[in-house]
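Next up: some structures, all given as structure tokens.
In the two complexes below, chain A is the common chain; its partner is chain B in one and chain C in the other.
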Partner chain A sequence: MRIRNTLPYTFLVPTVLLLIVLAFTPLIYAVMVSFTDRTLFEPTSSWVGFENYSKLLGDRRFVSSAWVSLKWEVVTVSATMLLAVGLGVLMFETASRRQRAFFSLVFLVPVLLPRVCAAFVWKFAFHPLYGIITFPYRAITGRPLDVLSDPNSALLAVAFVDVWQWGFFFAVIVLKLLESLPPQPIEAARLDNAKPWEIHFYITLPMLKAPLVSLALVKAIESLRSFDLIYVMTRGGPGIATETLDMYAFSQGFIESGNIAYASAIAVIMLIATIVIFTVIWKRVNR
Partner chain B sequence: MKSNFFGQTILWLFALIVIVPLGWTLLNAFKVNADLLTPVPKLFFSPTLENMAYVLGRDSVFAALINSLIVCLSAVAIGLALGLPGAYAIARHPNRITKEIQFFVLSLRFLPPVAVAIPLMVIWLNLGIYDTRIGMIIAYSLITISITMWLGIPSFVSVPREVEEAARIDGYGPYAVFFWVALPVAGKSLLGALAFSFILVWNEFLLALMLTTADAKTLPIIASEMSQMGMNVPWGVLNAAVVLLSLPPLMLLGLLSGFLNRAFAQKTR
Partner chain C sequence: MTVVKSRLVATTAVFAFALTGATVAFAADKVCTEDLRILSQPWDGLTTTEKFADEFKELSGVGFQIDYLNENDRRAKSRADASTIGRYNVYYIDEANLAQFAAADWIVPITDYYPAEYDFEDFDPGRRTTATFDGKVWFAPITGGGDLMVYRTDLLEAADVKPPETLEELMVAVEKLHDPDNGVYGISLRGGRGSGANVWRWMPYFKGMGGEWFVDGKPAFNNEAGIKATETYLKLFEYSPPGTQTGSWDESTGAFNSGQVALIIESAPLGAMTLDPDVSSVSDKVAFGIPPKPLTGGGYAHGFAVGVKANKTEEAKKCAALWIGWATSKENEERRFEVGQPGELNRTSIFKSKAFAEKFGTELPAALEATAAVTAVNFWQNPKWPELGDRWGIILEELITGQRDDIPAALQELEDFANTLTAG
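Let's turn to the complex of A and B:
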């Protein structure tokens, strides 16, 4: 007679229960608060139904921050993947084994830095008067260059820092993926005098389609965590040029009005959007 | 040969984009303001330890360091105690239910941090654990448990089943196999997974910002507040704080790069 193995139950049930409690309590609470007029300063509140949500629809700042969030996602994900694939292929083609080991270590550093630190490093590098990045521009034109205060460039400058953190890290992963491929098709193509870019465009990258799509998805998920970078570098400014949804929810709930109910409504909309979108995509990709 | 030289140049340029800002920050940490705030960047200067001493000498920094260490290490320990057994069970019993659990654990990462932080703040206020280490540990456990489980699963899958079966024939029960065989064999990759979860919570900002105001502040919060001291931003002090805050994650660099190498070496096999 086989004794039933209890291990999966004792190992999984407590952990999963705890995760469910930890994750769902705040979420349900957020949904509940979003139907009230709760503020930070008064513990009493009353039910207002969908008022917060209908107010959001007419809130131009909300529409603007949703648009900024969308731009942020598209820019950071595509730029990260471009840098990762380009640099990964470049390392694969031109670097010796020892160089690869060296570059892999160097390119891993930015992603390990606390986001707050990366933000400060670049905030000072972008400083209009003293920054090292803006120095060439100052030396040539004699004028200061203020990328973070210009509504046209601020979001791109912050996105650059995000790509700096993730793109180099993903380049290392792309290199490892390329190294894990069987060498025969590449060598066969070389014998046929295929150029390096042809080999990668037509052979290796199509072979790596699945992992690359997963990488892009991971980046899309991580791009949702833009708050710390934006908070330190621009605080959503100039004006509301870099105000993403989480930044807007934060300032509604904590800085300007203490309107927790309204902030919760924003959070709930973000929550529903991200869960639906990412669940659908993830299940499709990993079918 | 020519294209190789061209490629090498670009490769080094990219490496410089990583190294130069970091090296510059390191230099700035040892500059006085007069050397820092110059229109032409100064490469040579007489270094000062003032900034470092100022950062390390502040009571708020010391308190935040203690908070960060206690909160992060406790959360990582909870992640280890609950996440690793869970990961093992999923790795060894692949079926429909465990697949769904695995997806659920991953989907926790989809949650926008604000959507967790805002309600948690209100709940913690009601429970009286707002701005306490306990409150932070609980919040961070959600992160560490899920990430430890997620990264632990492939590590346990790579433990050869034959090794476990050999132990079972020697009379080990399923639990003994986990503790005495699977854990030690997967040990090195698991260490990488734990390092990842430590870095995630050490670097975490939004939850700490919303769940603390005074007593339980962690280091990233203190660092971000330094830019708001007085009218003139004390860039030297700020650079010193950035360097010190970045040290712990960077010390784990070797461990993590080894983790990555192993993870991809397995795929090749």
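Let's turn to the complex of A and C:
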């Protein structure tokens, strides 16, 4: 009995301890550094309290990057889920079993491509003079189309690449989820002459609510880590039009000023915001 | 049989002892004990040098590994590395981050360690000056120079335009040559953010119009010169190809070399690149000149410096300097010259050689010599320059891409930032 009580702890304690060390050491260090004036150029630093945090409130780049991060999350998560559900349902309704297998294989390719490679390929595809994506516009109007230099379209263009990478992969997952549902409710609805969209809107998708929400949250977390994609395609530009919070933190810490205390303050705020927002969403969805 | 065997063993032992002794004596001459790690920007010349890695191994007893990153990433990585773990024995330093690295004691003066046999004095005097901070020379140049104006002779002739000698003539010429409907743009510029990118190309206008970054320790760029330079740069951008508004060296020079641009004012290595048919589709119809007056050429130099953290001992520093000496030696420059990589030549003995004149004719060497007279240090020589320059790079990119249009307000924002920077 005693062995039975202690066995879970025997397995859990070492791994949890390791996790705590790996996850909390940098986290605690970042929080501590954010209260100092530490830079890369001086070996010493002093305690400055909340100075870095108060500076952030008056920093237009911080405000802009927070807004860009929010837009990025909303656009990429919602567009990915729409594409995934739309394509998943389309394959489920129209494709044979063999066709589904073929499309599933093809749709996995974008996500297998390393993100930096995908970013370079698409950056060239969007080139105003040579790009294949901008070619039809050039051919019709005779004018170049520079989407990555336009502050109104740059973020959408990068988001398009993100959705291209993840939307098709998620479509395969949605298809597999639909295939795993019991067939009886769908067959019953078909006998009642329900239209395909009605079947999915009222029956299958509500049945898949929990896994779809999980997928959306996974995508939201993944979207927070899109640094490499944005960095390669726009470097946060034009100006600061596509500069997200993590990019701004990196820029402050390593590219522009070496001010890692300020960068840590940005990272800490990002962490708190992420925890709060995700917790609220999770609780509302599970209510 | 036993006697023969004994003699054989004795002879073998003596031979082995002699061989071991010789090896030790040979190894004692070599200062290196561990393979070197080098952080650099990609240059064709270094790829050529890497092909002769065995030569360095024979010389030093160790190998080396070069990690390549583009300019912005190289700067970020080298700063992060030098200030923390210090993994790299040799850093690639440029004129813009030299003050930062030297002031923070992340590198040592190269002249203290550069092997005498590689003749440091043979480097171009301008590049040696650019590698100097606080009275000491910190890196051995791998590339450098000033600015050249490169133009398409066929397009200028067809439009009856003479090579511009003044800024006014440049504005008129660019407007006349601009014909986007036929795939020709008047000029190519850099719009992408960065102290070494859009700001680098904006500074000749600023300095040429009498601008100064600081006067008596106070920001002095929010004035007539700053405004006029920015207005001129933005005006010229109306004639620059799409893609250059957020592009840098690659996009700007790529547009010229692919035949879409009539005229370009860029860093000197572009001159030889445009003559190379492998990378330039206009190699047979280009000519060179100095930047139109009053533009000042942006004097620059990039090179290799000995890192402090990774080279803890004097021997380690000497080893790193040995690699730098070997990589920047006359022999390696000659190899680069032979395979047609003149952008990475830095020695006066090469520039003044007969072979150089034979390969590039008289026009390019003459233009390179002439541009030295208008070459100047355009940036603020201070450890905080990258921070100030990068901030202006972002604001300038916003102006170029139309996200803001109030130039005095933009300069005021930079001035406020500069005041915070210098106060801190």
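Rule of thumb we're sticking to: the second predicted complex is superposed on the first by the 267 of 287 C-alpha atoms of A that agree within 3 Å, B and C clash if a C-alpha of one lies under 4 Å from a C-alpha of the other, contacts with A are read in each partner's own complex, and residues count from 1 in each chain.
As a working rule, contacts are C-beta pairs under 8 Å (C-beta built on N, C-alpha and C of every residue); 3 or more make two chains touch, one makes a residue touch a chain.
Given the structure is predicted, the values throughout are model-derived calculations rather than measurements.
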Partner chain(s) touched by A:180 [first = chain B, second = chain C, both, neither]: first
Superposition-derived comparison: chain B or chain C, residues of chain A touched: B
Touched partner set for A:254, first chain B, second chain C, both or neither: both
Which superposed partner A:151 touches (first chain B, second chain C, both, neither): second
Partner chain(s) touched by A:241 [first = chain B, second = chain C, both, neither]: second
Touched partner set for A:41, first chain B, second chain C, both or neither: second
Which of chain B and chain C A:104 touches, first, second, both or neither: first
Partner chain in contact with A:129 - chain B first, chain C second, else both or neither: both
Those residues of chain A which chain B touches in one complex and chain C touches in the other: 129, 254
Residues of chain C defined as touching chain A within the complex: 72, 75-77, 79-80, 83-84, 100, 103-104, 181, 191-193, 241-243, 245-246, 255, 260, 383, 386-387, 390-391, 394-395, 397-398, 400-404
Complex contacts: residues of chain B adjacent to chain A: 3-4, 7-8, 10-11, 14-15, 17-22, 24-25, 28, 36-41, 82-83, 85-86, 88-90, 92-93, 98, 101, 103-116, 118-120, 122-123, 138, 141-142, 145-146, 149, 174-175, 178, 199, 202-203, 205-206, 209-210, 220, 223-224, 227, 235, 238-239, 242, 245-246, 249-250, 252-253, 256-257, 260-261, 264, 267-268
Residue ranges of chain A in contact with chain B within the complex: 5-8, 10-12, 14-16, 18-19, 22-23, 25-27, 29-30, 33, 38, 87, 90-91, 93-95, 99, 103-110, 112-117, 120-122, 124-125, 129-130, 132-133, 135, 138-139, 164, 168, 172-173, 176-177, 179-180, 196, 221, 224-225, 227-228, 231-232, 245-246, 249-250, 253-254, 260, 263-264, 266-268, 270-271, 274-275, 278-279, 282-283
Residue numbers on chain A that touch chain C, as the complex places them: 40-41, 61, 127-129, 142, 144-146, 148-151, 234-241, 254-258
